[in-house]
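Per-chain residue numbering starts at 1, and chain names A, B, C and D are given in the order in which the chains are listed.
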Amino acid sequence: MKKLLYLLALLPTLLLAQSGKVFDNLSFPSKILKGDRKFAIYLPPDYESSQRSYPVLYLLHGGGDDQTGWVQFGEVQNITDKAIAEGKATPMIIVMPDANTGQRGYANDVKNEWRYEDFFFQELMPYVEKTYRIKKDKHYRAVAGLSMGGGGSFTYALHHPELFAAACPLSAATGPLTLEDTKAYLEQRNNLNGTAAEIEAYYKRQSVLELIKAMPDDQKKAVRWYIDIGDDDFLFEGNSLVHIAMRKKEIPHEFRIHDGGHTWTYWRAALPTVLSFVSDSFHQY
Amino acid sequence: MKKLLYLLALLPTLLLAQSGKVFDNLSFPSKILKGDRKFAIYLPPDYESSQRSYPVLYLLHGGGDDQTGWVQFGEVQNITDKAIAEGKATPMIIVMPDANTGQRGYANDVKNEWRYEDFFFQELMPYVEKTYRIKKDKHYRAVAGLSMGGGGSFTYALHHPELFAAACPLSAATGPLTLEDTKAYLEQRNNLNGTAAEIEAYYKRQSVLELIKAMPDDQKKAVRWYIDIGDDDFLFEGNSLVHIAMRKKEIPHEFRIHDGGHTWTYWRAALPTVLSFVSDSFHQY
Amino acid sequence: MKKLLYLLALLPTLLLAQSGKVFDNLSFPSKILKGDRKFAIYLPPDYESSQRSYPVLYLLHGGGDDQTGWVQFGEVQNITDKAIAEGKATPMIIVMPDANTGQRGYANDVKNEWRYEDFFFQELMPYVEKTYRIKKDKHYRAVAGLSMGGGGSFTYALHHPELFAAACPLSAATGPLTLEDTKAYLEQRNNLNGTAAEIEAYYKRQSVLELIKAMPDDQKKAVRWYIDIGDDDFLFEGNSLVHIAMRKKEIPHEFRIHDGGHTWTYWRAALPTVLSFVSDSFHQY
Amino acid sequence: MKKLLYLLALLPTLLLAQSGKVFDNLSFPSKILKGDRKFAIYLPPDYESSQRSYPVLYLLHGGGDDQTGWVQFGEVQNITDKAIAEGKATPMIIVMPDANTGQRGYANDVKNEWRYEDFFFQELMPYVEKTYRIKKDKHYRAVAGLSMGGGGSFTYALHHPELFAAACPLSAATGPLTLEDTKAYLEQRNNLNGTAAEIEAYYKRQSVLELIKAMPDDQKKAVRWYIDIGDDDFLFEGNSLVHIAMRKKEIPHEFRIHDGGHTWTYWRAALPTVLSFVSDSFHQY
């Protein structure tokens, strides 16, 4: 009978052996953002038993959430475990940084005083790619995210096409549509302490439509795009205009409008396709 | 034994209930278009065995096809039979008129000399709704179509919201985006024999965006809309702008962008949802 | 009880309403071949209840069989019924002519005295396309066959690319590889009564490799090809060389080598894919 | 209760039995190639819990990849775990050596200065078969690979039929078709520093067609062959000619042409059949 109890006590562990592991409260010190920065990480089921290295997906939360959003609301572990078990996704490491503490968002601010984007590329990425068995070149790196994190996915991959194989903005904030919108946005965030030149520079680096307009021809196929938004989402205009702009400029991209709004139900439904899409990029053809 | 008899008595109905009938080469004389006009029709499985009347879907073909397009390429019979058998669509009559003979298209031309739209509403609709057991009021009438026929679905339902419960433009031609486009389009079709006033009138009645702009507030919920187009379709711009315009004007509509191009593969995949959507309209809530 | 008997008597008919119909002993008089010629035909499930017209597949038997081969050994009815019911094939008419009576084969002989190919195009095709509701243009016509009938599929579609949308040679006899082979073949069939010029002409019109060599560039995409042969088939050489020749000349074609030999087991397994492939051609994209 | 205990006692084994382990960055020193050589290895799920020895599959990557190719792009772990769990493959060890570092390829070069093939047989094979619990005789050894690694599979098994039970070249480079091709190939690789005799010797040991021609009759059944290539693969000619040559020489072999090109999608789809085929060889009949 004791043996029976022992085995039963062992069961959860044994069953978890099929599962990846999530840590949602890790941190490391950032010089750029002057303090400890949190992140969550998903390690695939065979991470501990094998010795191989893995591709990486940076998965960005939306405004109001933090590094735990994709873990708690997005069910990243169950969905990714299932996608890997079914062969729809390749084993990968998923890094989910906190962009809620201090100033909110994935951008450097208008005066470059709060430099989250610099933190991401100069500190976070090197830190996790050194700490975990992550393959370090573009071919094995992707970025995805929702809403504000969809905006981050757009701008990061547009600023650094040399670093990402794929980008998947979901229900994305596509940044200001005009310079005027930029000013209004910055005023709203009490952030309009920039000069006219700084504001224009901010607009040019945060507006997805401007970034597409400025894209050199030889960059058009640098990143594989999967863009998805619900037909009831309030961000319909920017995403529809991005689709038109990418089609007119002949930038290959997958674009979807499914039934739904700006909800976690929508994003949980979208995540398996995102994992499958980035896996295709990691797999080669 | 009684139970057995009962089941056996039921058998013919169950078995015969499975296959609708298609006629793809019917015709009747039109005064407006001065000659015989062809159409195809789908009658639901129980049409002959019952005495009831049915809702009707007008299903419009694209440029280059004729009344047989949805029959041969669209597999309307198999798909509708299946949707009805699975309970996803209600039994309905589907009318597929030829808009390829004489002048191509569903519109009255710029000088109102070729009057296909008048033919549709003044001759075709009365003829089929008298000849077959079709319910005659708006609540039981829908229009759908692809490409040029998607354009027809838009304009017919926007011109006559009092006649259609639902409209489903697939991969739709949304008409000229500007008055200049209208002139270019008419020149291309050797049809620019209208006065400036006639051309502007044509533009206002054929441009989906203009029709949306002109829609009175009390008409916004008159028609249930299901609009669907592939992300690789060349008609991306008009449909994306229609989505934006409808959202901004708060016209309720379902809008979908799936993976695919301007192909029959796309439309065959879309047809079950169209049948299901119009059935919901025919059912009330 | 009488009612029960009546219903039970009715059952087979009712159940057959889901099935196509096969006639395997029809015939009509041929002037060219001087006598009655037999053929079998498959009519799709909705042929009698509907009034629409259908695409046509000419399905050719191999040496030693006759018009009943695909019916009895090939299970054409069950396989086609199933493919249509599952939506993998579009409803079509399948015509299976006898090429066993008189001289065997699908070709005109070396002296053009026995003119089966002329019979096929000048008499059989017009007869069946007039007698049954068959769509009459290239877009809705395909040819397939096995062994000797695979050879017929090759030569008919290569001689008349303007008549066939698709051709599917299975385990095909690809005709003589050289002029010397031609002579040996004709001698074997006691048919070598032709002049040198006649024999060379026969070679040029019956050798698939010669026909591919002679194909004009603007014909390369005229016919959609699906070519399939088992890895244990004795006709491996001709088919492998045809694949190489078509690849080198950039003639688009699907080519398959599956596990198996020159057997009805192979051809029954191949038929669903053939039906699906020709349906794609009939469907447009 | 005893039955329950028994089942529970079985549980750990059953649950732990599900995942193999992959190491993708191992290495050992080579005298022949003058430096450390990398390899990846797959150990089957029960490797650690059991004490038994296993058969071995040498799985060779293509040009441009390295020892991680089959791990990352080929999904060797998931696919092999699944094949073993489903009983379609026997537990085996899979060794994937790097043939990308230094000179690329699996051959000794023309002057026998870079001797990868010697390294493979004299150093790699002894090293891994000593280091891991690998069965050491021919009956339990197979080789497979893709493209350049398909070429390696051909030449290794043709040079050493006494060492391999089975060989599975996928989308294989079949080596130069002629002596002239050999010279052109060597020039292209800046490798033409050999004498005429050396070049001819290189041709005779690297051309699969020459190796087949030279095969003694008593070797025809020494190796079980599974050869697979897509119909859109650019290597169609060599593989088709190998099929013809093997058929004519009556060398038993499985040969497949499926739908597809020179892609990882093709090779991932092929891998389960390869594992099943080599397992049949390891099983005896």
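Simple rule for what comes next: a contact is a pair of C-beta atoms (placed from the backbone, for glycine too) under 8 Å apart; a residue touches a chain by one contact, two chains touch by 3 or more.
Computed from a predicted model, the values in this text were never measured in an experiment.
Novice: Along the shortest chain of touching chains, how many steps lie between subunit A and subunit C?
Specialist: Tracing touching chains, the least step count from subunit A to subunit C comes to 2.
Novice: Quick one: point me to the chain whose Cα centre is farthest from that of subunit B.
Specialist: Chain D.
Novice: Using mean CA coordinates as chain centres, what's the subunit B-subunit C distance in Å?
Specialist: 38
Novice: For subunit B versus subunit D, what separation do you get between their C-alpha means, in angstrom?
Specialist: Taking the average C-alpha coordinate of subunit B and of subunit D, the gap between them is 57 Å.
Novice: Are the chains arranged, by touching, as a line, ring, star, complete graph, or other?
Specialist: Contact map by chain: ring.
Novice: Name the touching chain pairs, would you?
Specialist: Chains touch in the following pairs: A-B, A-D, B-C, C-D.
Novice: Using the touch definition up top, name the residues of subunit B that touch subunit C in the complex.
Specialist: 4-5, 8-9, 11-12, 15-16, 18-19, 21-26, 40, 68, 71-73, 75, 77-79, 82, 263-265, 268
Novice: Which residues of subunit A touch subunit B in their complex?
Specialist: So the residues of subunit A in touch with subunit B come to 231, 236-237, 240-241, 243-244, 247-248, 253-259.
Novice: Where on subunit A does subunit D make contact in their complex?
Specialist: 3-4, 7-8, 10-11, 14-15, 17-18, 45-46, 49-53, 55, 84, 87, 90-91, 135, 140, 282-285
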